[in-house]
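Structure record follows, encoded as C-alpha coordinates.
Order as written gives the chain letters A, B, C and D; numbering starts at 1 within each chain.
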Amino acid sequence: MQAVLTAEEMTEFLAEVFPQVKEDFVVESVDGVNTVMRLKVAERHLRPGGTVSGPSMFSLADVSAYVATLARIGKEALTVTTGCSMDFMRKPEAGKDLIAHTTLLKLGRTLSVSNILIYSEGSDAPVARANMTYAIPPK
Amino acid sequence: MQAVLTAEEMTEFLAEVFPQVKEDFVVESVDGVNTVMRLKVAERHLRPGGTVSGPSMFSLADVSAYVATLARIGKEALTVTTGCSMDFMRKPEAGKDLIAHTTLLKLGRTLSVSNILIYSEGSDAPVARANMTYAIPPK
Amino acid sequence: MQAVLTAEEMTEFLAEVFPQVKEDFVVESVDGVNTVMRLKVAERHLRPGGTVSGPSMFSLADVSAYVATLARIGKEALTVTTGCSMDFMRKPEAGKDLIAHTTLLKLGRTLSVSNILIYSEGSDAPVARANMTYAIPPK
Amino acid sequence: MQAVLTAEEMTEFLAEVFPQVKEDFVVESVDGVNTVMRLKVAERHLRPGGTVSGPSMFSLADVSAYVATLARIGKEALTVTTGCSMDFMRKPEAGKDLIAHTTLLKLGRTLSVSNILIYSEGSDAPVARANMTYAIPPK
(Lines give C-alpha, C1' and ligand atoms only; values in the text may rest on other atoms or scores of the structure.)
Protein backbone atom coordinates (compact mmCIF):
# COMPACT_ATOMS: atom_id res chain seq x y z
CA MET A 1 0.00 0.00 0.00
CA GLN A 2 2.72 2.41 -1.00
CA ALA A 3 2.52 5.39 -3.30
CA VAL A 4 4.11 4.95 -6.74
CA LEU A 5 4.28 8.74 -7.31
CA THR A 6 5.69 11.49 -5.10
CA ALA A 7 3.86 14.75 -4.27
CA GLU A 8 6.12 16.55 -6.74
CA GLU A 9 5.43 14.08 -9.54
CA MET A 10 1.67 14.33 -8.87
CA THR A 11 1.77 18.16 -8.98
CA GLU A 12 3.57 18.06 -12.33
CA PHE A 13 1.15 15.51 -13.70
CA LEU A 14 -1.88 17.59 -12.62
CA ALA A 15 -0.42 20.67 -14.34
CA GLU A 16 -0.09 18.62 -17.51
CA VAL A 17 -3.58 17.05 -17.56
CA PHE A 18 -5.56 19.91 -15.98
CA PRO A 19 -3.66 23.02 -17.17
CA GLN A 20 -6.67 25.27 -16.47
CA VAL A 21 -6.56 24.63 -12.70
CA LYS A 22 -2.83 24.29 -12.11
CA GLU A 23 -2.72 27.57 -10.17
CA ASP A 24 -5.43 26.33 -7.81
CA PHE A 25 -4.09 23.16 -6.20
CA VAL A 26 -1.01 22.02 -4.32
CA VAL A 27 -0.33 18.39 -3.42
CA GLU A 28 0.97 18.80 0.14
CA SER A 29 1.60 15.14 0.86
CA VAL A 30 0.75 11.76 -0.54
CA ASP A 31 1.32 8.19 0.55
CA GLY A 32 -0.52 5.04 -0.45
CA VAL A 33 -3.54 5.78 1.78
CA ASN A 34 -3.62 9.43 2.93
CA THR A 35 -3.40 12.52 0.76
CA VAL A 36 -3.35 16.20 1.75
CA MET A 37 -4.18 18.88 -0.83
CA ARG A 38 -4.50 22.64 -0.66
CA LEU A 39 -6.85 24.91 -2.58
CA LYS A 40 -5.11 28.28 -2.89
CA VAL A 41 -8.24 30.35 -2.43
CA ALA A 42 -8.43 33.31 -4.83
CA GLU A 43 -11.10 35.79 -5.89
CA ARG A 44 -12.46 33.39 -8.55
CA HIS A 45 -13.36 30.79 -5.88
CA LEU A 46 -15.50 33.14 -3.79
CA ARG A 47 -19.20 33.85 -3.48
CA PRO A 48 -20.43 37.31 -2.45
CA GLY A 49 -19.78 37.57 1.29
CA GLY A 50 -16.31 36.06 0.92
CA THR A 51 -17.21 32.38 1.31
CA VAL A 52 -15.69 29.72 -0.96
CA SER A 53 -18.20 28.47 -3.55
CA GLY A 54 -19.63 24.96 -3.52
CA PRO A 55 -18.19 24.12 -6.95
CA SER A 56 -14.70 25.12 -5.72
CA MET A 57 -15.05 22.72 -2.79
CA PHE A 58 -16.34 20.02 -5.12
CA SER A 59 -13.26 20.56 -7.33
CA LEU A 60 -10.96 20.21 -4.36
CA ALA A 61 -12.63 16.96 -3.24
CA ASP A 62 -12.64 15.63 -6.79
CA VAL A 63 -8.98 16.30 -7.54
CA SER A 64 -8.01 14.98 -4.09
CA ALA A 65 -9.63 11.62 -4.75
CA TYR A 66 -8.02 11.55 -8.21
CA VAL A 67 -4.59 12.15 -6.68
CA ALA A 68 -5.22 9.56 -3.94
CA THR A 69 -6.08 6.98 -6.60
CA LEU A 70 -3.25 7.79 -9.02
CA ALA A 71 -0.75 7.75 -6.17
CA ARG A 72 -1.34 3.99 -6.16
CA ILE A 73 -2.03 3.10 -9.79
CA GLY A 74 0.27 5.58 -11.56
CA LYS A 75 -0.40 8.14 -14.30
CA GLU A 76 -3.75 6.91 -15.65
CA ALA A 77 -5.22 10.19 -16.88
CA LEU A 78 -8.44 8.47 -17.98
CA THR A 79 -9.45 7.55 -14.45
CA VAL A 80 -12.84 9.33 -14.16
CA THR A 81 -15.28 10.27 -11.40
CA THR A 82 -18.39 8.09 -11.42
CA GLY A 83 -20.07 9.17 -8.21
CA CYS A 84 -19.85 11.43 -5.19
CA SER A 85 -21.77 12.82 -2.29
CA MET A 86 -20.99 15.89 -0.21
CA ASP A 87 -22.25 17.65 2.89
CA PHE A 88 -21.51 21.34 3.36
CA MET A 89 -21.38 21.83 7.11
CA ARG A 90 -19.81 25.18 7.99
CA LYS A 91 -18.96 28.42 6.24
CA PRO A 92 -15.26 28.47 5.26
CA GLU A 93 -13.28 31.24 6.90
CA ALA A 94 -12.64 34.26 4.68
CA GLY A 95 -9.06 34.68 3.51
CA LYS A 96 -7.94 31.15 4.38
CA ASP A 97 -6.89 28.36 2.05
CA LEU A 98 -8.84 25.11 2.17
CA ILE A 99 -7.04 21.91 3.13
CA ALA A 100 -8.45 18.50 2.11
CA HIS A 101 -7.53 15.33 3.99
CA THR A 102 -8.31 12.26 1.91
CA THR A 103 -8.35 8.60 2.89
CA LEU A 104 -8.38 5.97 0.15
CA LEU A 105 -10.82 3.41 1.56
CA LYS A 106 -10.77 0.97 -1.32
CA LEU A 107 -8.71 0.41 -4.41
CA GLY A 108 -10.32 -2.35 -6.44
CA ARG A 109 -9.70 -3.56 -9.96
CA THR A 110 -12.28 -1.22 -11.50
CA LEU A 111 -13.23 1.30 -8.76
CA SER A 112 -11.63 3.39 -6.01
CA VAL A 113 -13.53 4.89 -3.05
CA SER A 114 -12.23 7.84 -1.01
CA ASN A 115 -13.40 9.81 2.02
CA ILE A 116 -12.49 13.52 2.09
CA LEU A 117 -12.68 16.08 4.92
CA ILE A 118 -12.14 19.76 4.01
CA TYR A 119 -10.96 22.33 6.56
CA SER A 120 -10.20 26.06 6.54
CA GLU A 121 -6.46 26.18 7.19
CA GLY A 122 -5.76 26.30 10.90
CA SER A 123 -9.24 25.15 11.98
CA ASP A 124 -10.14 21.67 13.21
CA ALA A 125 -13.88 21.79 12.50
CA PRO A 126 -14.48 20.48 8.95
CA VAL A 127 -16.31 22.80 6.52
CA ALA A 128 -17.34 19.91 4.25
CA ARG A 129 -17.20 16.15 3.87
CA ALA A 130 -17.23 14.21 0.64
CA ASN A 131 -16.88 10.72 -0.75
CA MET A 132 -15.80 10.10 -4.30
CA THR A 133 -15.83 7.00 -6.50
CA TYR A 134 -13.49 6.79 -9.47
CA ALA A 135 -13.62 4.27 -12.29
CA ILE A 136 -10.20 2.89 -13.19
CA PRO A 137 -9.63 2.13 -16.88
CA PRO A 138 -9.06 -1.55 -17.71
CA LYS A 139 -5.42 -2.46 -18.40
CA MET B 1 -47.31 25.28 -6.12
CA GLN B 2 -46.80 28.19 -8.45
CA ALA B 3 -43.60 30.05 -9.19
CA VAL B 4 -43.32 33.53 -7.67
CA LEU B 5 -40.54 34.55 -10.11
CA THR B 6 -40.39 34.31 -13.90
CA ALA B 7 -37.44 32.87 -15.86
CA GLU B 8 -36.41 36.44 -16.76
CA GLU B 9 -36.51 37.62 -13.14
CA MET B 10 -34.48 34.57 -12.05
CA THR B 11 -31.84 35.19 -14.74
CA GLU B 12 -31.47 38.82 -13.61
CA PHE B 13 -31.26 37.79 -9.97
CA LEU B 14 -28.56 35.18 -10.75
CA ALA B 15 -26.50 37.80 -12.59
CA GLU B 16 -26.72 40.03 -9.52
CA VAL B 17 -25.79 37.43 -6.85
CA PHE B 18 -23.34 35.30 -8.91
CA PRO B 19 -21.78 37.87 -11.28
CA GLN B 20 -18.79 35.59 -11.94
CA VAL B 21 -20.94 32.91 -13.62
CA LYS B 22 -23.58 35.02 -15.34
CA GLU B 23 -22.19 34.15 -18.78
CA ASP B 24 -22.54 30.45 -18.04
CA PHE B 25 -26.20 29.82 -17.28
CA VAL B 26 -29.58 30.48 -18.88
CA VAL B 27 -32.88 29.83 -17.11
CA GLU B 28 -34.89 28.27 -19.92
CA SER B 29 -38.11 27.73 -18.02
CA VAL B 30 -39.36 27.67 -14.48
CA ASP B 31 -42.64 26.85 -12.79
CA GLY B 32 -43.34 25.86 -9.21
CA VAL B 33 -42.06 22.30 -9.67
CA ASN B 34 -39.99 21.89 -12.85
CA THR B 35 -37.02 24.00 -13.93
CA VAL B 36 -34.92 23.78 -17.09
CA MET B 37 -31.47 25.40 -17.20
CA ARG B 38 -28.74 25.53 -19.83
CA LEU B 39 -24.98 25.55 -19.34
CA LYS B 40 -23.49 27.42 -22.30
CA VAL B 41 -20.47 25.18 -22.65
CA ALA B 42 -17.26 27.13 -23.32
CA GLU B 43 -13.56 26.37 -23.32
CA ARG B 44 -13.28 26.98 -19.56
CA HIS B 45 -15.72 24.12 -18.81
CA LEU B 46 -13.77 21.48 -20.70
CA ARG B 47 -11.29 18.80 -19.78
CA PRO B 48 -8.64 17.65 -22.25
CA GLY B 49 -10.46 15.51 -24.81
CA GLY B 50 -13.35 17.96 -25.03
CA THR B 51 -15.54 16.58 -22.27
CA VAL B 52 -17.28 18.90 -19.79
CA SER B 53 -15.58 18.83 -16.37
CA GLY B 54 -17.22 17.35 -13.26
CA PRO B 55 -17.13 20.69 -11.40
CA SER B 56 -18.96 22.36 -14.31
CA MET B 57 -21.70 19.73 -14.11
CA PHE B 58 -21.82 20.14 -10.33
CA SER B 59 -22.26 23.91 -10.82
CA LEU B 60 -25.12 23.37 -13.23
CA ALA B 61 -26.90 20.99 -10.82
CA ASP B 62 -26.27 23.33 -7.91
CA VAL B 63 -27.58 26.48 -9.56
CA SER B 64 -30.57 24.55 -10.97
CA ALA B 65 -31.67 23.46 -7.50
CA TYR B 66 -31.14 27.03 -6.24
CA VAL B 67 -33.35 28.39 -9.01
CA ALA B 68 -35.99 25.68 -8.42
CA THR B 69 -36.14 26.63 -4.75
CA LEU B 70 -36.13 30.41 -5.20
CA ALA B 71 -38.84 30.13 -7.85
CA ARG B 72 -41.12 29.23 -4.94
CA ILE B 73 -39.76 31.20 -1.99
CA GLY B 74 -38.58 34.37 -3.76
CA LYS B 75 -35.22 36.17 -3.75
CA GLU B 76 -33.58 34.65 -0.69
CA ALA B 77 -29.93 34.91 -1.68
CA LEU B 78 -28.80 33.23 1.55
CA THR B 79 -30.38 29.91 0.68
CA VAL B 80 -27.32 27.58 0.74
CA THR B 81 -26.48 24.06 -0.41
CA THR B 82 -26.19 21.64 2.51
CA GLY B 83 -25.88 18.32 0.69
CA CYS B 84 -25.74 16.65 -2.68
CA SER B 85 -24.95 13.44 -4.43
CA MET B 86 -24.17 12.90 -8.10
CA ASP B 87 -23.57 10.05 -10.53
CA PHE B 88 -21.63 10.70 -13.72
CA MET B 89 -23.00 8.20 -16.21
CA ARG B 90 -21.97 9.12 -19.74
CA LYS B 91 -19.45 11.36 -21.43
CA PRO B 92 -21.10 14.63 -22.54
CA GLU B 93 -21.02 15.21 -26.30
CA ALA B 94 -18.33 17.61 -27.46
CA GLY B 95 -19.57 20.97 -28.65
CA LYS B 96 -23.05 20.66 -27.15
CA ASP B 97 -24.58 22.70 -24.33
CA LEU B 98 -25.77 20.84 -21.25
CA ILE B 99 -29.45 21.00 -20.30
CA ALA B 100 -30.55 20.30 -16.71
CA HIS B 101 -34.10 19.19 -15.92
CA THR B 102 -34.88 19.73 -12.24
CA THR B 103 -37.84 18.54 -10.19
CA LEU B 104 -38.45 20.11 -6.77
CA LEU B 105 -39.44 17.08 -4.69
CA LYS B 106 -39.92 18.85 -1.39
CA LEU B 107 -40.13 22.40 -0.16
CA GLY B 108 -40.25 22.35 3.62
CA ARG B 109 -39.90 25.13 6.16
CA THR B 110 -36.12 24.73 6.47
CA LEU B 111 -35.03 22.45 3.57
CA SER B 112 -35.70 21.88 -0.12
CA VAL B 113 -34.85 18.66 -1.99
CA SER B 114 -34.43 18.51 -5.79
CA ASN B 115 -33.71 15.80 -8.36
CA ILE B 116 -31.69 16.85 -11.42
CA LEU B 117 -31.04 15.06 -14.71
CA ILE B 118 -28.40 16.53 -17.04
CA TYR B 119 -28.39 15.90 -20.81
CA SER B 120 -26.23 16.92 -23.76
CA GLU B 121 -28.57 19.07 -25.84
CA GLY B 122 -30.51 16.93 -28.28
CA SER B 123 -29.78 13.61 -26.56
CA ASP B 124 -32.20 11.67 -24.39
CA ALA B 125 -29.67 9.58 -22.45
CA PRO B 126 -28.70 11.52 -19.29
CA VAL B 127 -24.99 12.27 -18.78
CA ALA B 128 -25.41 12.79 -15.02
CA ARG B 129 -27.94 12.66 -12.22
CA ALA B 130 -27.86 14.68 -9.03
CA ASN B 131 -29.89 15.45 -5.95
CA MET B 132 -29.39 18.64 -4.00
CA THR B 133 -30.56 19.78 -0.57
CA TYR B 134 -30.76 23.49 0.21
CA ALA B 135 -31.21 25.08 3.63
CA ILE B 136 -33.73 27.90 3.60
CA PRO B 137 -33.00 30.81 5.94
CA PRO B 138 -35.54 31.33 8.75
CA LYS B 139 -37.95 34.22 8.18
CA MET C 1 -34.57 -1.46 -24.10
CA GLN C 2 -37.08 -4.21 -23.44
CA ALA C 3 -37.46 -6.33 -20.33
CA VAL C 4 -36.28 -9.95 -20.63
CA LEU C 5 -38.29 -11.02 -17.57
CA THR C 6 -41.98 -10.48 -16.73
CA ALA C 7 -43.25 -9.17 -13.37
CA GLU C 8 -44.33 -12.74 -12.49
CA GLU C 9 -40.92 -14.20 -13.34
CA MET C 10 -39.21 -11.49 -11.27
CA THR C 11 -41.46 -12.15 -8.27
CA GLU C 12 -40.66 -15.87 -8.44
CA PHE C 13 -36.95 -15.18 -8.77
CA LEU C 14 -36.98 -12.83 -5.75
CA ALA C 15 -38.73 -15.47 -3.64
CA GLU C 16 -36.00 -17.92 -4.61
CA VAL C 17 -32.96 -15.67 -3.94
CA PHE C 18 -34.34 -13.64 -1.00
CA PRO C 19 -36.65 -16.14 0.73
CA GLN C 20 -36.58 -14.13 3.97
CA VAL C 21 -38.32 -11.12 2.40
CA LYS C 22 -40.64 -12.79 -0.06
CA GLU C 23 -43.71 -11.77 1.97
CA ASP C 24 -42.65 -8.12 1.84
CA PHE C 25 -42.45 -7.19 -1.83
CA VAL C 26 -44.64 -7.37 -4.92
CA VAL C 27 -43.39 -6.54 -8.41
CA GLU C 28 -46.33 -4.53 -9.76
CA SER C 29 -44.94 -3.82 -13.20
CA VAL C 30 -41.66 -3.95 -15.04
CA ASP C 31 -40.48 -2.95 -18.48
CA GLY C 32 -36.98 -2.20 -19.72
CA VAL C 33 -36.84 1.24 -18.08
CA ASN C 34 -39.59 1.70 -15.44
CA THR C 35 -40.36 -0.59 -12.51
CA VAL C 36 -43.10 -0.33 -9.88
CA MET C 37 -42.78 -2.27 -6.62
CA ARG C 38 -44.92 -2.47 -3.50
CA LEU C 39 -43.81 -2.92 0.09
CA LYS C 40 -46.67 -4.68 1.90
CA VAL C 41 -46.27 -2.74 5.13
CA ALA C 42 -46.60 -4.94 8.22
CA GLU C 43 -45.92 -4.55 11.92
CA ARG C 44 -42.25 -5.52 11.47
CA HIS C 45 -41.61 -2.52 9.20
CA LEU C 46 -42.88 0.06 11.68
CA ARG C 47 -41.28 2.36 14.19
CA PRO C 48 -43.17 3.42 17.33
CA GLY C 49 -45.71 5.98 16.18
CA GLY C 50 -46.70 3.88 13.18
CA THR C 51 -44.20 5.23 10.65
CA VAL C 52 -42.28 2.92 8.30
CA SER C 53 -38.64 2.51 9.37
CA GLY C 54 -35.73 3.88 7.35
CA PRO C 55 -34.21 0.40 6.83
CA SER C 56 -37.55 -0.81 5.39
CA MET C 57 -37.54 2.07 2.89
CA PHE C 58 -33.89 1.34 2.07
CA SER C 59 -34.83 -2.32 1.40
CA LEU C 60 -37.62 -1.26 -0.93
CA ALA C 61 -35.31 1.07 -2.90
CA ASP C 62 -32.58 -1.57 -2.99
CA VAL C 63 -34.75 -4.41 -4.26
CA SER C 64 -36.43 -2.07 -6.76
CA ALA C 65 -33.10 -1.17 -8.37
CA TYR C 66 -32.15 -4.86 -8.38
CA VAL C 67 -35.37 -5.76 -10.18
CA ALA C 68 -34.96 -2.84 -12.63
CA THR C 69 -31.48 -4.09 -13.50
CA LEU C 70 -32.32 -7.80 -13.74
CA ALA C 71 -35.34 -7.01 -15.90
CA ARG C 72 -32.77 -6.13 -18.56
CA ILE C 73 -29.85 -8.49 -17.94
CA GLY C 74 -31.73 -11.58 -16.74
CA LYS C 75 -31.35 -13.72 -13.62
CA GLU C 76 -27.91 -12.65 -12.43
CA ALA C 77 -28.29 -13.19 -8.68
CA LEU C 78 -24.75 -11.94 -8.02
CA THR C 79 -25.53 -8.41 -9.12
CA VAL C 80 -24.72 -6.42 -5.94
CA THR C 81 -25.34 -2.91 -4.59
CA THR C 82 -22.18 -0.79 -4.62
CA GLY C 83 -23.57 2.60 -3.70
CA CYS C 84 -26.69 4.55 -2.83
CA SER C 85 -27.94 7.80 -1.47
CA MET C 86 -31.36 8.57 -0.01
CA ASP C 87 -33.34 11.53 1.25
CA PHE C 88 -36.21 10.95 3.65
CA MET C 89 -38.63 13.80 2.99
CA ARG C 90 -42.01 13.09 4.54
CA LYS C 91 -43.49 10.76 7.12
CA PRO C 92 -45.18 7.78 5.43
CA GLU C 93 -48.90 7.53 6.12
CA ALA C 94 -49.86 4.96 8.74
CA GLY C 95 -51.60 1.86 7.42
CA LYS C 96 -50.65 2.39 3.79
CA ASP C 97 -48.35 0.30 1.61
CA LEU C 98 -45.34 1.99 0.07
CA ILE C 99 -45.03 2.14 -3.72
CA ALA C 100 -41.61 2.64 -5.37
CA HIS C 101 -41.32 4.03 -8.89
CA THR C 102 -37.91 3.26 -10.35
CA THR C 103 -36.26 4.57 -13.51
CA LEU C 104 -33.20 2.78 -14.85
CA LEU C 105 -30.99 5.71 -15.93
CA LYS C 106 -28.03 3.72 -17.13
CA LEU C 107 -27.23 0.12 -17.86
CA GLY C 108 -23.54 -0.17 -18.63
CA ARG C 109 -21.27 -3.16 -19.00
CA THR C 110 -20.29 -3.18 -15.32
CA LEU C 111 -22.71 -0.79 -13.54
CA SER C 112 -26.38 0.17 -13.49
CA VAL C 113 -27.75 3.43 -12.04
CA SER C 114 -31.38 3.87 -10.95
CA ASN C 115 -33.50 6.71 -9.55
CA ILE C 116 -36.26 5.71 -7.12
CA LEU C 117 -39.20 7.70 -5.74
CA ILE C 118 -41.20 6.16 -2.88
CA TYR C 119 -44.83 7.13 -2.15
CA SER C 120 -47.47 6.15 0.39
CA GLU C 121 -50.12 4.44 -1.71
CA GLY C 122 -52.63 6.98 -3.01
CA SER C 123 -50.47 10.04 -2.29
CA ASP C 124 -48.55 12.02 -4.89
CA ALA C 125 -46.00 13.65 -2.56
CA PRO C 126 -42.94 11.35 -2.34
CA VAL C 127 -41.89 10.18 1.15
CA ALA C 128 -38.34 9.39 0.03
CA ARG C 129 -36.00 9.53 -2.96
CA ALA C 130 -33.06 7.25 -3.61
CA ASN C 131 -30.46 6.44 -6.20
CA MET C 132 -28.79 3.06 -6.34
CA THR C 133 -25.75 1.76 -8.19
CA TYR C 134 -25.39 -1.96 -8.85
CA ALA C 135 -22.29 -3.78 -10.03
CA ILE C 136 -23.02 -6.31 -12.75
CA PRO C 137 -20.92 -9.49 -12.70
CA PRO C 138 -18.64 -9.96 -15.73
CA LYS C 139 -19.87 -12.51 -18.26
CA MET D 1 -18.04 18.16 23.38
CA GLN D 2 -18.81 15.59 26.06
CA ALA D 3 -21.40 12.85 25.99
CA VAL D 4 -24.46 13.39 28.19
CA LEU D 5 -25.38 9.68 28.12
CA THR D 6 -23.26 6.61 28.87
CA ALA D 7 -23.09 3.51 26.64
CA GLU D 8 -25.33 1.70 29.15
CA GLU D 9 -27.93 4.47 29.17
CA MET D 10 -27.92 4.54 25.36
CA THR D 11 -28.40 0.76 25.14
CA GLU D 12 -31.38 0.95 27.51
CA PHE D 13 -32.87 3.85 25.60
CA LEU D 14 -32.53 1.99 22.27
CA ALA D 15 -34.29 -1.05 23.73
CA GLU D 16 -37.13 1.22 24.79
CA VAL D 17 -37.62 3.14 21.52
CA PHE D 18 -36.70 0.36 19.05
CA PRO D 19 -37.85 -2.81 20.87
CA GLN D 20 -37.91 -4.79 17.59
CA VAL D 21 -34.13 -4.49 17.09
CA LYS D 22 -32.88 -4.58 20.67
CA GLU D 23 -31.30 -8.00 20.15
CA ASP D 24 -29.31 -6.70 17.19
CA PHE D 25 -27.19 -3.83 18.47
CA VAL D 26 -24.70 -3.21 21.27
CA VAL D 27 -23.32 0.25 22.07
CA GLU D 28 -19.67 -0.59 22.67
CA SER D 29 -18.46 2.91 23.49
CA VAL D 30 -19.65 6.47 23.17
CA ASP D 31 -18.11 9.85 23.88
CA GLY D 32 -19.08 13.25 22.51
CA VAL D 33 -17.47 12.63 19.10
CA ASN D 34 -16.74 8.93 18.50
CA THR D 35 -19.14 6.02 18.83
CA VAL D 36 -18.53 2.29 18.38
CA MET D 37 -21.47 -0.04 17.79
CA ARG D 38 -21.77 -3.77 17.11
CA LEU D 39 -24.27 -5.60 14.96
CA LYS D 40 -24.64 -9.09 16.43
CA VAL D 41 -24.92 -10.84 13.09
CA ALA D 42 -27.62 -13.55 13.07
CA GLU D 43 -29.36 -15.64 10.44
CA ARG D 44 -31.93 -12.89 9.76
CA HIS D 45 -29.20 -10.46 8.64
CA LEU D 46 -27.77 -12.76 5.99
CA ARG D 47 -28.17 -13.13 2.25
CA PRO D 48 -27.72 -16.51 0.56
CA GLY D 49 -23.95 -17.15 0.53
CA GLY D 50 -23.59 -15.97 4.11
CA THR D 51 -22.97 -12.27 3.46
CA VAL D 52 -24.67 -9.60 5.59
CA SER D 53 -27.50 -7.87 3.70
CA GLY D 54 -27.35 -4.24 2.59
CA PRO D 55 -30.39 -3.27 4.68
CA SER D 56 -28.69 -4.73 7.79
CA MET D 57 -25.62 -2.57 7.14
CA PHE D 58 -27.86 0.44 6.53
CA SER D 59 -29.56 -0.23 9.89
CA LEU D 60 -26.21 -0.37 11.66
CA ALA D 61 -25.06 2.93 10.10
CA ASP D 62 -28.41 4.55 10.84
CA VAL D 63 -28.61 3.56 14.50
CA SER D 64 -24.91 4.48 14.97
CA ALA D 65 -25.50 8.05 13.78
CA TYR D 66 -28.61 8.24 15.97
CA VAL D 67 -26.61 7.15 19.02
CA ALA D 68 -23.75 9.55 18.15
CA THR D 69 -26.24 12.43 18.00
CA LEU D 70 -28.23 11.53 21.11
CA ALA D 71 -25.01 11.07 23.08
CA ARG D 72 -24.71 14.86 22.82
CA ILE D 73 -28.29 16.13 22.87
CA GLY D 74 -29.90 13.58 25.21
CA LYS D 75 -32.96 11.35 24.81
CA GLU D 76 -34.72 13.04 21.89
CA ALA D 77 -36.50 10.05 20.38
CA LEU D 78 -37.95 12.19 17.55
CA THR D 79 -34.56 12.89 16.02
CA VAL D 80 -35.02 11.45 12.49
CA THR D 81 -32.82 10.53 9.53
CA THR D 82 -33.15 13.01 6.67
CA GLY D 83 -30.38 11.85 4.36
CA CYS D 84 -27.63 9.32 3.85
CA SER D 85 -25.24 7.90 1.34
CA MET D 86 -23.40 4.61 1.47
CA ASP D 87 -20.74 2.71 -0.47
CA PHE D 88 -20.55 -1.07 -0.16
CA MET D 89 -16.90 -1.89 -0.73
CA ARG D 90 -16.13 -5.43 0.37
CA LYS D 91 -18.03 -8.58 1.23
CA PRO D 92 -18.40 -8.93 5.02
CA GLU D 93 -16.71 -12.04 6.44
CA ALA D 94 -19.09 -14.90 7.19
CA GLY D 95 -19.68 -15.57 10.87
CA LYS D 96 -18.28 -12.26 12.12
CA ASP D 97 -20.10 -9.41 13.82
CA LEU D 98 -19.97 -6.01 12.15
CA ILE D 99 -18.40 -3.10 14.03
CA ALA D 100 -19.29 0.51 13.11
CA HIS D 101 -16.96 3.39 13.96
CA THR D 102 -18.82 6.69 13.82
CA THR D 103 -17.48 10.24 13.95
CA LEU D 104 -19.90 13.08 14.63
CA LEU D 105 -18.66 15.75 12.20
CA LYS D 106 -21.22 18.41 12.99
CA LEU D 107 -23.86 19.02 15.60
CA GLY D 108 -25.83 22.11 14.61
CA ARG D 109 -29.07 23.53 15.97
CA THR D 110 -31.24 21.61 13.49
CA LEU D 111 -28.96 18.97 11.86
CA SER D 112 -26.20 16.51 12.75
CA VAL D 113 -23.79 14.96 10.24
CA SER D 114 -21.87 11.73 10.90
CA ASN D 115 -19.31 9.63 9.04
CA ILE D 116 -19.47 5.86 9.60
CA LEU D 117 -17.00 3.09 8.69
CA ILE D 118 -18.16 -0.52 9.05
CA TYR D 119 -15.74 -3.42 9.54
CA SER D 120 -16.01 -7.18 9.95
CA GLU D 121 -14.77 -7.75 13.50
CA GLY D 122 -11.01 -8.24 13.52
CA SER D 123 -10.42 -6.85 10.02
CA ASP D 124 -9.01 -3.41 9.22
CA ALA D 125 -10.35 -3.09 5.66
CA PRO D 126 -13.80 -1.43 5.82
CA VAL D 127 -16.74 -3.33 4.27
CA ALA D 128 -18.82 -0.16 3.91
CA ARG D 129 -18.77 3.59 4.43
CA ALA D 130 -21.75 5.79 5.15
CA ASN D 131 -22.68 9.33 6.03
CA MET D 132 -25.94 10.14 7.77
CA THR D 133 -27.77 13.41 8.40
CA TYR D 134 -30.28 13.63 11.25
CA ALA D 135 -32.82 16.40 11.84
CA ILE D 136 -32.97 17.48 15.47
CA PRO D 137 -36.42 18.50 16.76
CA PRO D 138 -36.72 22.16 17.81
CA LYS D 139 -36.70 22.72 21.58
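In the analysis below, a residue touches a chain if its C-beta (ideal position, glycine included) is under 8 Å from a C-beta of that chain, and two chains touch if they have at least 3 such contacts.
Please read these numbers as outputs of a predicted model, since none were measured by experiment.
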item: Candidate from A-C, B-D or C-D with the same interface as A-B, over half of contact pairs in common; value: C-D
item: Higher-contact pair (C-beta pairs counted), B-D versus B-C; value: B-C
item: Mean-CA-position distance for chain D and chain B (Å); value: 33
item: Rounded Å distance, chain B centre to chain C centre (Cα mean); value: 28
item: Where chain A touches two or more other chains at once, by residue number; value: 82-83, 85, 87, 89, 133
item: For the chain D and chain A complex, residues of the former touching the latter; value: 85, 87, 89-90, 105-106, 108, 113, 115, 117, 125-126, 129, 131, 133
item: List of chain A residues in touch with chain B within their complex; value: 17-18, 20, 44, 47-48, 54-56, 58-59, 62, 77, 80-89
item: Complex contacts: residues of chain D adjacent to chain B; value: 82-83, 85, 110-111, 133
